[in-house]
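So that you can tell them apart, the chains are marked A, B, C and D in the order they are listed, and the count of residues begins at 1 in each.
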Amino acid sequence: MTTTTNRTIFSAENIDVFYGTSQILFDVSIAVSEGQTMALLGRNGAGKSTTLKALAGLAPPKRGKTTVLGTEMQRRKPHVIARAGLGYVPEDRQVFPEHSVEDNLLIAEKKGPNGEDYWTLARIFEMLPMLEPLKGRMAGRLSGGEQQMLTIGRTLMGNPVGLLLDEPSEGLAPVIVQQIGALLRKLRDMGVTVLLAEQNMHFCLGIASHATVIDKGEIVYRDTIEALRANEDVKARYLAL
Amino acid sequence: MDLSALGSCLISPSCVITQSTSGLIIGLLLFLVAAGVSLIFGVLKVVNFAHGAFYMLGAYFAYSAYQLSGSYLIAVLAGGIGVAIFGVLFERLLISRVYGSPVLMQILVCYAMILILDDVVKIIWGADFLSFGMPPAFQQLPILFAGGVVPVFYLFLIVITLIIAALLGLLITKTRYGKIVRAAAVNPSMVSALGINTGVVYASVFMLGGLLAGLAGGLAAPVRSLTAGMGTSIIIESFIVTVIGGMGSVAGALVGSILIGLVRSFGSIGFPLFTEGLMFVMMAVVLVLKPSGLFGKEGR
Amino acid sequence: MSARSSLLRDSLIAIAAFLVLAALPYIFPSKGFTDFVVRLAAFGIFATSLNLLVGYSGMESFGHGLYFGLGCYTFALIMQNFAVSIPVAFLLTIFLSILVAVVVGSICVNLSEIYFAFLTLAFQMLLHSLIIAWTPITGGDQGLTGGIPRPPFLGIRLDNYYHLYLFSSGLLVVCLLAMHHIVQSPFGYTLRMIRDNVSRAPFLGINVFRVRLMAYVIAGAFGAVGGIVMSLFVSGAFPDFAYWTISGEAIFMIMLGGLTVFLGPLVGAVMLLLLNDVVTKLTSHYGIVLGGIILLFALGLRKGVLDFVADMWRDRRQATLSAENRSEVAASAKPAVAAGE
Amino acid sequence: MTSRNRHAVGRRSVLKGAGAAAATAIAGFPFISRAQNKPIKAGMVTIGSGRGAMVGSASSKGASWEIEKFNAAGGLNGRPIELIVRDSKGKPEESARIAREFVNSDGVDILFDADSSAAAFAIQEVAKETGVLTVHMNSETSSLTADPKIRSWNAFRSARQGIHDSIAGGSYAAEVSKTKGLKTWMGCSPDYAYGRDSNKLFFEYLKHFHKDAEVIGESWPKLFQPDYTEQLTKILQTKPQAVYTCLWGGDLTAFIDQSNIYNLFAQIQVFAINIADYSILTAVKNLPKGIHSGSRYLSTFPATKENADWAAEYRKKFNEHPVNWSWENASGAKFVTEAIKKTNSVDPKKLAEAMSGMTIDSPFGVGGKLTLRAEDNTLVNYATGWGETIQKDPYVPDVKAVDWKVILELEHEWKKANKYI
């Protein structure tokens, strides 16, 4: 079990990201250090997903750099970044619908960047017990919550050192959201480094230690999550619906 | 049209057996080519018009290997492996550069490749057709079975292609590689985000498709004459199979191929002048009733 | 600019173009040149009509040769078997093509992308099989031989090569003018809107099926005109004109010339015909040379010549606004992501 | 397919082609006709690519060799013939275009049609329209010259003809039938114009010579069909005593290879008109014995020294066996060069006048003579006969020549029946 240190696991430094000719991110910087759970908060369309995609290599930045364990990654393909230890969980739960739950997990099985092989099928099922009885079922037939658990489990199978989580609570029933919250706390306690993109600050309260707020593609605020909770001004300007 | 002849064939066991084996053999060789077309389309969304040329190359590689070694086994393997390597080169050097382009641009590249390969074959192996010759092991009298006639070589081809089909089926459904390939067909960027190099997956699919087409060319070489342009007819049939069976489905390709084989063999008795038309009618009917094909997934 | 004044402007350009074409044989007094333009008229009309589908409607038909072959055979058969004038045979041919297009189109246009491509291909090959099998009428693989009678009409004598040249150039200009008018009309904009966002169209009260069917039928009718010109050029008809390769050639013309610019397919037709003629003349290794050139275009430019020119033009204008946006377009087309979409 | 090298059409190199491309890219722009060059120009339209590529390869060799001899002997007062060969890719419309381009842009004096039958009809239209002297060197379809509506004063055929071969085949097959008691027949010919005509006429003359013969089935593979299994099994189901096929080239070798594994030749007498040609005989690895075949080209038939020498020299020169197209094209070119020598001109009217009814010395004719018959501008008196195959050289040891008197008589009746005369 690791604890929080000051070592940066992954970061973005002054990145600009474009889709086609329109710029989405402007000079965004964010760094997540070992064992930290960082919340990336902002309204719908503020640039949270794009920041995560830029880190994962799916939306390569035009300028600036991204790093994983100190290595520059901004020109790398997604699979290189994933092998370098950064796991990505997409917002819309992109399970492979015609593969079984077990196959979804096995496809993603790999060692971590330093040979870590903590996560196995057995450990995933131990962590996400609701998946075990479903392991033979087509992933496309799972409920939304189950699919969300599966995508998280699938990314963990790659033994990442850092995890990018894109709105894991979105569109799920409150009871499922609670379960996911519990799962994230468990991961935090295990010392997994997480960047959690969310619209819902309350969901992050018991999970994240720090918060970064993004709006219109720019970082507008960063502090501990408790400080953000107390800052009504920032909440009203950037987070209120 | 000669429906009475077709009718009397269908009630005669000897005719049914003979025509069915002939349908099987036509269909199974076609399957090896069509499966590659289907896989490549399913995973890469590339309509590989050059696949018929792969088959042709396989036959020519096998021919040269047979001239050098005198071994049919080596010849077939040379055809398969040679085209597998060629498939990877084709994918890496040419097709991978137009993945983002419109389908028609990809077809343009394939067509250019067909033109070039036909010419290259003409330069290397000559403009005259070549005949491979039956390997001595198969120079035997055909087997008589319930009044039907089944040549030994065709029996061998049927068995070997069925084995290849079974192995291919296992590879695609049971192995980790097959699971990754199918996943990449659905969602390549997610596969990439899980740390899998999709470039390698794509190249490997072309390699697999090339291997199958090359094997088909090598296996068929003893009974087909080799000429530049011999891939043209098989590629059109492969597309019919792919459409009928469902794009990307190996099982669909198998069923579709055998169906085409049977249409050809029984059609030649019932509609000797319109067998070709019959295949297109079948394709049109399937497309109208179930556009995704018999084994295809809806909504893709 | 209003639709009316743009039609006026187009018509003036068309008349000027026709006059230039009519004068050219006096500058190049070679039958080789007039032959070339007649073939170009056939393929230019045909390729442009296909681009109504491919470029403007996003309907990638692989079977447009159906109409080329149909036009060619219908016209030749009517002229050979019935004592009618050329305009009557012309109109009958167009009428039949429209009928066929309505039937085939009703079956095909609802299918998406690749399935549409394959089903149109199937129908074309059905016509090809029919031509091959129905020997007593069509001459089978030998083609329709024996020449096409060309009774004079309106003072036009199509058995004279210069008259045929004028007639073909005139048809080319008129058809291009008509098609340009169609793509610039509200109907043309509707087509492009459906192409760009098919799911939005129904919310705007557009009947997607009907609009697509109309585009398909219009393209078919113009495709048949190309076939008619070809049948006059070869004085007969050949099954090759209904084979899938003829659709392929039209597609290459579009891809070589450019599909986003109206005249792209015509430029592509000039290129492909010239390439064919020159390469056939110069080398026995036709396939390697033509294949190599196609590869250069496909992998080098990655778009048609006029597309390229148009993009350069646009880029130049945008350069002052944002010099860096362009390369981003290229960067966003990463193969791994793009291939799956 | 193009070559501007008048001495060795067969010798080409990519580099040279590229150099020529650069040099003629400007001058060779297709519309700008150039001033008449010194040499006499002959343009050959043929198939140089795809499955028919061997047609072009053999045809250009046959014709170019003859032209080379003419040039070596001084040409027409020092004017050599320059042979330009172009590839129609097997498309009739492209053949017509190239033929027109030859006449209109290149200004050829003579048009050699070494293309398919379908192309021959398209080229015939060009010949009629332009009045250029034309020789059809490969087309065997009879109506091309027999039908007065299609025939043209300036177009000749130096190829064998379907009707002649069918009469020859029918009479030979009838003889064999009578001795072996063959009554039930089946046809297996390619489904295109040549195949259908040949099939129909063969059986017509078989029945003419042998009243008991009965056709009990037909099967029609497509031209260039890769697999004949479905036709073979149909034959095995129908169980005829004999089969006629006019498959040719690579299709025929595939048919033989596939028939072998069904053991067809042991059960059924096969009459394959196109086997006795070195392109087939040397290509097929397990040639069965006892197949009946018409002679296409054999160095042993006619069994003369001239013929054997020609074949040997051809082999030495081109490093391959001559085939049917070789002699047909050599003959066509020979008629033209003889006519040029005789008239001392390249004027099409004078040449056509000279060629009509012309007889030349030739190793391929009966009695060493070939004639272009005046009444319909087509070749007669070429060696034609049938025999049975054996597995090795000379492959068809005993070719029975068919009497031209019989052929001409029946041809005359056939023309009458078709209202050609």
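In this section, contacts are C-beta pairs under 8 Å (C-beta built on N, C-alpha and C of every residue); 3 or more make two chains touch, one makes a residue touch a chain.
Since the structure is predicted, the reported quantities are computational estimates derived from the model, not experimental observations.
Peer 1: Can you tell me which chain is nearest the middle of the complex, judged by mean CA position?
Peer 2: B
Peer 1: Farthest chain from chain C, going by the mean of C-alpha atoms per chain?
Peer 2: A
Peer 1: Hey, how far is the Cα centre of chain C from the one of chain D, in Å?
Peer 2: 37
Peer 1: How many Å are there between the centre of chain A and the centre of chain C, using C-alpha atoms for each centre?
Peer 2: Those two chain centres are 51 Å apart.
Peer 1: Averaging over Cα atoms per chain, report the distance between chain A and chain D in Å.
Peer 2: 75
Peer 1: Could you grab the centroid distance between chain A and chain B? Build each centroid from C-alpha atoms only and quote it in angstrom.
Peer 2: 44
Peer 1: If a residue has to touch 2 or more other chains to count, which residues of chain D qualify?
Peer 2: Within chain D, the residues that touch at least two other chains are 48-49, 191.
Peer 1: Of all the residues in chain A, which ones touch at least 2 other chains?
Peer 2: In chain A, 58, 77-78 touch at least two other chains.
Peer 1: Can you list every residue of chain C that touches 2 or more other chains, as numbers and ranges?
Peer 2: 132, 285-288, 334, 336-337
Peer 1: Under the touch definition given earlier, write down the residues of chain A that touch chain B in their complex.
Peer 2: Chain A reaches chain B through residues 56-58, 77-79, 82-83, 88, 90, 94, 96-99, 103, 106-108, 110, 154-155, 158.
Peer 1: Given the complex with chain A, which residues does chain B contribute to the contact?
Peer 2: My answer: residues 176, 179-180, 182-183, 186-187, 189-199, 297.
Peer 1: Using the touch definition from the top, list the residues of chain D that touch chain C in their complex.
Peer 2: These residues of chain D touch chain C: 1-3, 12, 14, 17-18, 20-21, 24-25, 28-33, 48-49, 85-87, 89, 91-94, 96-98, 100-101, 103-105, 117-118, 121-122, 125, 141, 149-150, 191-193, 196, 223.
Peer 1: Write out the stretch or stretches of chain C touching chain B in their complex.
Peer 2: 54, 60, 107, 111-115, 117-119, 121-123, 125-126, 129-130, 132-133, 244, 248, 251-252, 254-255, 285-288, 290-292, 294-295, 297-299, 302-303, 333-340
Peer 1: Tell me, which parts of chain B touch chain C in their complex?
Peer 2: 41, 44-47, 94, 96-105, 107-109, 111-120, 122-123, 184, 187-189, 192, 198-199, 202, 236, 239-240, 243, 247, 273-274, 276-277, 280-281, 283-284, 287-288, 291-292
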